[in-house]
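Each of the two complexes below includes subunit A, the first together with subunit B, the second together with subunit C.
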Partner chain A sequence: MSTFLASGPNLGRGGIGAWLAGLSARGKALVLAAEVVVMLVLWQLVVGVLGWINPVFFPPPSAIWQGFLELWSSGVLATNALVSLQAWLTGFAIAVAIGIPLGLLMGTSLPVDRVVGPIAWTIYATPTIAYQPLAKAWFGFGIGPVIFLVAISAVFPILLNVAAGMRTTNPSIIRAGTVFGASRFQLYRSVYLPSTVPFLFAGLRQAVVLATIGMVVAELTGSAQGMGAVIIRAANTYQTDQAFAAIALVVVWSVGMTQVVTLVERWVAPWTRKARR
Partner chain B sequence: MTVTSATGTNRIVRPRRVVRSGEGKWAWLLVGVVAAVLLVWEAAVSWLQLVPAAFLPPPTEIIAAFVRLLGEPEFWQAFVYSMQNLLIGLALAIVVGVVVGLAVGWSPVLRFTVAPFLWLLYSTPKVALAPLFILILGLGNESKIALVFLLAVFPIILNTMEGAVTVSPSLVSAGRVFGVNGVYLGWKVIFPATLPYSLSGIQRGAALGFTGEVLGEFLGGTGGLGHLLEFAAYQFMMAEAIALVIVMVIIANLTLWLISTLRRRLAPWYDDRKIVGAS
Partner chain C sequence: MTTTIEPAEDEASVSSLISVRGLGVSYDVARTGKKLVAIEGVDLDVREGEFVTVLGPSGCGKTTFMNVIAGLVKPSAGQVLVAGEPVTGPGPDRAVVFQDYALLPWRTVFDNVKFGLEMQKGLKGDGWRDRVQEAIELVGLSGFEHSYPRELSGGMQQRVGLARAIVAEPRILLMDEPLGAVDALTREVMRAEIEKLIAATGKTVLFITHSIEEAILLGDRIVVFKSHPGAIKEVIETGLARPRSERSIQSDPRFLELRDHLWDALQGEATAAAVSK
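What follows is the complex of A and B.
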């Protein structure tokens, strides 16, 4: 009981809270699954059966499923999802290709850090949507601005995290390495790399979320193709069921890619496991 | 220092610099590099004409456009319009976010039932809902305020929640021992301990809210900075467009600076690193 109380100020007052806290991981998942089902049923009831909310504005789950099937069978989904996927992956690859080397450079060389750092922070602090009209003017109406926005959204979290990881490597380990006669290369390989990798993956996870936002923003505001274009076209023709279906897919993509990054991290760098919840 | 913040995904804390005597040198280096880049840019565009000036106007032209912009009443109208929506949406998001965050963080029942949904909603790209907001609420202020609210509220809720969860139990026990209970306990112990977390959520929320405002104006707007920018880019007035982007960069950075100053002022006992490492 004492360890139970120690787990937080708010636990251990008995009742349903204590019961929930005492559940196993599986039990919690079951409770959550039950909640999701209840929510969906309620949603369906309120909108679909009772009609309290205009279903055009907030379609019930069954209608969203119908919308998904419509999108799928008409072939709209496959072509546009493919365009989005291509833009997202290209942009993300560009961001990784620029972010990691530049971050490493910033971590290694103090002058580079002091010059690139403030500039990168300034650009990163501004929501990337501000750059969208420029991208549209420079790269036209196709996939170009989408790639640009994905890349610029994703590059800074990667860059700044890698640099922070290099900078915050525990100095006593570096000293220990030097004392034991590690060469420069060995120092990078065995000291800097292991302590930077968790930062890199944290940055990649942030980058996935930001890149998806960037993609959606770019496609919403000036692209004839892609998931964002599907959403806006569906919304403008009052087919909100299709819009919600497309939004759900974007959400699945964002959450899924974050999971992929986490899986890759576990596989490549198992020593970072503790850091995540 | 770890970079995963309370809400994990979207924030990096700038490593606090150790002030050394050599810091001034780096500032000069930065200024020098920026000046050199601008000079090369100017040279490439207006003297050597490697890039057409209509495509990428030289810095002098952008500065001229910037100054011209600041003199136009139209610009200030748009500025007020955007800032007004942003502030209203953000204020709503702060009130709702802090209240809901404290409630969910404090009550274990809510934490186990509602919090997973909040995390899910937090990590979804809610910008995708923008067209629906425009559809439902129209082209006026309402849709923009609602978008700002929707985008800003989740980081505030989740950071506040994380803060409330990590309030040290010994503080609460000490409060109880001294007979502090109920609302008063919340006000005297929980709220101050949570404040720095809420503020970092608000910081994130402000940036996202800005995205919401500008996106709302892009999609269907009659006023505001986003509308001006869209129009300038559409007319291919690149100098004006870039000047407007610079205005936005300044606004965004000023807001961040303001909130982090506020955090340092209101909660000087908290270190960035401590907050960040806490979860």
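What follows is the complex of A and C.
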């Protein structure tokens, strides 16, 4: 039954869609691993072996690995990754600390929602890069503007998702709570808050990706340190292998953190687990 | 042709548990300044331990009627007395079973049933675990305590709704088309089980339905609603012996007589409703 449902648009067609939908967790991981290996091999073949593309513009995986080792052994990687990590974690913590309470307040109070909502959407809709020069002016050239850009990139998906979660609480469950005599406080604790949890985690996953973009954007110009600075310096000196190695590391961080968010969600909100493919 | 379908005698005595007097509910229609009359001039007395089915076409105000007794909707005219006290809001003497189950998706079966007790009576002492377990056993869900609602069929979810309603031992059970969303086969099985459960616990029941068979099979009395405005059209004693099995009753002349009578009554209502739209 669930196999059928999970196959989505492939319903009734069978074939590779049905096969993929029916895979176990281990099977899915194997398919993903095979995909990565095939891509790397093709990439290596096209650039490294056949030489169809100039490796300076698009280095093969083996060169990127070399670049990574160079960055690592020179100590450049550790110093800069630590600076980025510090900025990312601080900015993300600020975004969570502001986003969750303000989102709850927006979801609870219509006046707050009407005042904060349009401002939040406007800032959220503005490209992060537009704030970059301003952030330098406001916070100088150290870690300050990076933290600011990470925080402002991450706060809105959290805030807006939490507010939406509160507002879209199933009215029939609210009615059930009322009929069983729940007080206002009990309704919040036992109905509104748990129903917001899946929205919070959806917001956190978006926030992880946007925070990482904000971090790299902030570090690309005018920063002496951080992964963004490593990428731009390497690219400017035609050490594209090192630039790609730094980009890969940032991607691994971003994907890894979304996985961490998902793991925490499975632990905090086990009822959502069975719903996903 | 003689008929034995006589209006039931008015039981306006002190012994009635629920007493509805001149009840009216009307809403202001937004932006038109008009009033929409949902129900008007409803009088009804329900004895302790009586099973009353409320039958009517959709939109006749039968759910509004139930919501007033549940304490969810304030009457615009008249009043409802439960055990002699006017209803001012929800209370632990009344519990509701909803058509859409209205379970908390983040709670297991056990915790959903616990919710009824938690909100209505509080979880004092250590006896509450046994009470929750007892209610779960009573509706036949032993072994599913740790399942989440989405892992259960519609019929099983409604059993959880039923257990949640009876766990705090209310005197009155209000059931709003509880079998309206389950499949036909499950509906038959559950109808018989509800009858058995109510007979065993001696609860007073108000059961809303739009199914003629359901109204006859379950009710000691049938309250027929008419629409535009919603009001009581007639009240009929079923006078059928219990327990009533679906198969044996289908050939009972009294059942057939009631069914024909109600069919005519409702057909007139349905036609009137269609014309007035």
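The rule is short, and it goes like this: the second predicted complex is superposed on the first by the 238 of 277 C-alpha atoms of A that agree within 3 Å, B and C clash if a C-alpha of one lies under 4 Å from a C-alpha of the other, contacts with A are read in each partner's own complex, and residues count from 1 in each chain.
Operating definition for what follows: contacts are C-beta pairs under 8 Å (C-beta built on N, C-alpha and C of every residue); 3 or more make two chains touch, one makes a residue touch a chain.
In this text the structure is predicted, and so the values were computed from the model without any measurement.
Peer 1: A:I231 in the overlay: touching subunit B, subunit C, both, or neither? Say first, second, both or neither.
Peer 2: Touch status of A:I231: first partner only.
Peer 1: Could you look at A:S195 and tell me whether it touches subunit B, subunit C, both or neither (first, second, both, neither)?
Peer 2: Only subunit C; A:S195 stays clear of subunit B.
Peer 1: Touch check for A:W271: first (subunit B), second (subunit C), both, or neither?
Peer 2: The second partner, subunit C, only.
Peer 1: Once the shared chain is lined up, is A:F185 touching subunit B (first), subunit C (second), both, or neither of them?
Peer 2: Once the two structures are laid over each other on A, A:F185 reaches no partner at all.
Peer 1: So, A:T258: does it touch subunit B (first), subunit C (second), both, or neither?
Peer 2: A:T258 contacts subunit B only, not subunit C.
Peer 1: Does subunit B (first) or subunit C (second) touch A:R175, or do both, or does neither?
Peer 2: second
Peer 1: Of the partners subunit B and subunit C, which touch A:R167 in the superposed model: first, second, both, neither?
Peer 2: First partner only.
Peer 1: Is A:L220 touching anything from subunit B or subunit C once the two structures are fitted on A? First, second, both or neither.
Peer 2: A:L220 contacts subunit B only, not subunit C.
Peer 1: Which chain, subunit B or subunit C, is in touch with more residues of subunit A?
Peer 2: On the superposition, B touches more of the residues of subunit A.
Peer 1: Shared contact residues on subunit A for subunit B and subunit C?
Peer 2: Residues 275, which sit in both footprints.
Peer 1: Would you mind writing out the residues of subunit A in touch with subunit B in their complex?
Peer 2: So the residues of subunit A touching subunit B come out as 5-6, 8-11, 13, 15-18, 20-21, 28, 31-32, 35, 39, 57, 111, 114-115, 118-119, 121-123, 125-134, 136-138, 157, 160-161, 164-165, 167-168, 198-199, 202-203, 205-206, 209-210, 212-213, 216-217, 220-221, 227-228, 231-232, 235-236, 238, 240, 243-244, 246-247, 250-251, 254-255, 258, 275-277.
Peer 1: Which residues of subunit A touch subunit C in their complex?
Peer 2: 170, 172-173, 175-182, 186, 190-191, 194-195, 197, 269, 271, 274-275
Peer 1: Which bits of subunit C are touching subunit A when the two form their complex?
Peer 2: For this pair, the touching residues of subunit C are 70-72, 90-92, 95-96, 98, 100, 102-107, 115-116, 118-120, 148, 150-151, 164.
Peer 1: Flag every residue of subunit B that touches subunit A in the complex, lowest number first.
Peer 2: 1-4, 8-12, 14-15, 26, 29-30, 33-34, 55-56, 105-109, 111-113, 116-117, 120, 123-125, 127-132, 134-136, 165, 167-169, 171-173, 207-208, 210-211, 214-215, 218-219, 226, 229-230, 232-234, 236, 238, 241-242, 245, 248-249, 252-253, 256, 279
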